[in-house]
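By letter and in written order, the chains are A, B, C and D; residue numbering begins at 1 in each of them.
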Amino acid sequence: MDQDTQRDVLRRLSYAEGHLAGIRKMVEQDTYCVDVLKQTYAVRRAIAKLEQKLLEGHLHHCVVEGVQRGDAAVLDELAELYALANR
Amino acid sequence: MDQDTQRDVLRRLSYAEGHLAGIRKMVEQDTYCVDVLKQTYAVRRAIAKLEQKLLEGHLHHCVVEGVQRGDAAVLDELAELYALANR
Amino acid sequence: MDQDTQRDVLRRLSYAEGHLAGIRKMVEQDTYCVDVLKQTYAVRRAIAKLEQKLLEGHLHHCVVEGVQRGDAAVLDELAELYALANR
Amino acid sequence: MDQDTQRDVLRRLSYAEGHLAGIRKMVEQDTYCVDVLKQTYAVRRAIAKLEQKLLEGHLHHCVVEGVQRGDAAVLDELAELYALANR
């Protein structure tokens, strides 16, 4: 992973952790469920965005290198990732 | 697209069309909404499965060829597909 | 289901069937996979929108009536629908 | 929210936070992207499951009470949650 992607992903992960901790506090304080749910959806979206960053880095580095050295496994992994993400 | 994938995808598309036509009949006959919704979910899952087949064919053909001739566009397209599928 | 919802849902279902038939033609003519996939995503989104219409009608009719006559099954069904849609 | 649901949801939130912290360590140690992505998918699924628990509690408490006192807002909120979750 290149350094820019890594730094960006780490920043997003810290942010998502903080967001979850905030949601935990909301639940402890018995916040209205609908408001809690809107926040958990927001965290899930933030994680999906971070996955997009990871995937873009992966495509332009590992996948290119894998294909160039004739490694088909890298493509099977991609297919599996799509299947998992799209379930 | 290789012939096996094409045939498989066409078969799945016909099936999904038939399924939608069946759901249309259910709605015309005023079937209970929950039963209609379970069927529309099933169609969406069937389409997602067909997309997986298309994607696997795409990865092992167009993507390999694209990367081998140094075409980065094929990777940007993949990232875009992932983003669209995962929205 | 009230008549407006029914008409709207039927119109959307016909449209989705036509869209799938168009995608079938694309696959028959060996259209580039990425372009086919963008269309199948669009159909899935259209079906999700139609589900939203069905659900709104369901909530304001069957669910209200179910709750008022003390029928908890209507709530279990809703929970199940969310789980199915969110898988 | 009843106490059992609250305790269960809090436990799941703590677990998801710990999982994200673990993923952050994976990224810091430059773990292979595909392995990181599989873990972020798992966290998203865990959050979706926790949402399901929240929603079930919400349906059987707030929604029942809302409908019984003739509050339609509770149904509009449900439709909105469905739309958000299904985007």
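Operating definition for what follows: a contact is a pair of C-beta atoms (placed from the backbone, for glycine too) under 8 Å apart; a residue touches a chain by one contact, two chains touch by 3 or more.
The structure presented is a predicted model; accordingly, all values stated were derived computationally and were not measured.
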| item | value |
| --- | --- |
| Type of subunit B:subunit C copy interface by residue overlap (half), same or different | same |
| Distance between the centres, which are taken as Cα means, of subunit D and subunit C, whole angstrom | 23 |
| For subunit B paired with subunit C, centre-to-centre distance based on mean C-alpha positions, whole Å | 16 |
| Rounded Å distance between subunit A and subunit C, as computed from the means of their C-alpha atoms | 27 |
| Junction residues of subunit A - those touching two or more other chains | 48, 51, 55, 81, 85 |
| Chain-to-chain touches, reported pairwise for every pair that qualifies | A-B, A-D, B-C, C-D |
| Residues of subunit D touching subunit C in the complex | 48, 51-52, 55-56, 59-60, 63-64, 67-68, 72, 75, 78-79, 81-83, 85-86 |
| Residues of subunit A defined as touching subunit D within the complex | 1, 6, 9-10, 13-14, 16-17, 20-21, 23-24, 27-28, 30, 32-34, 36-38, 40-41, 43-44, 47-48, 50-51, 54-55, 57-58, 62, 77, 81, 84-85 |
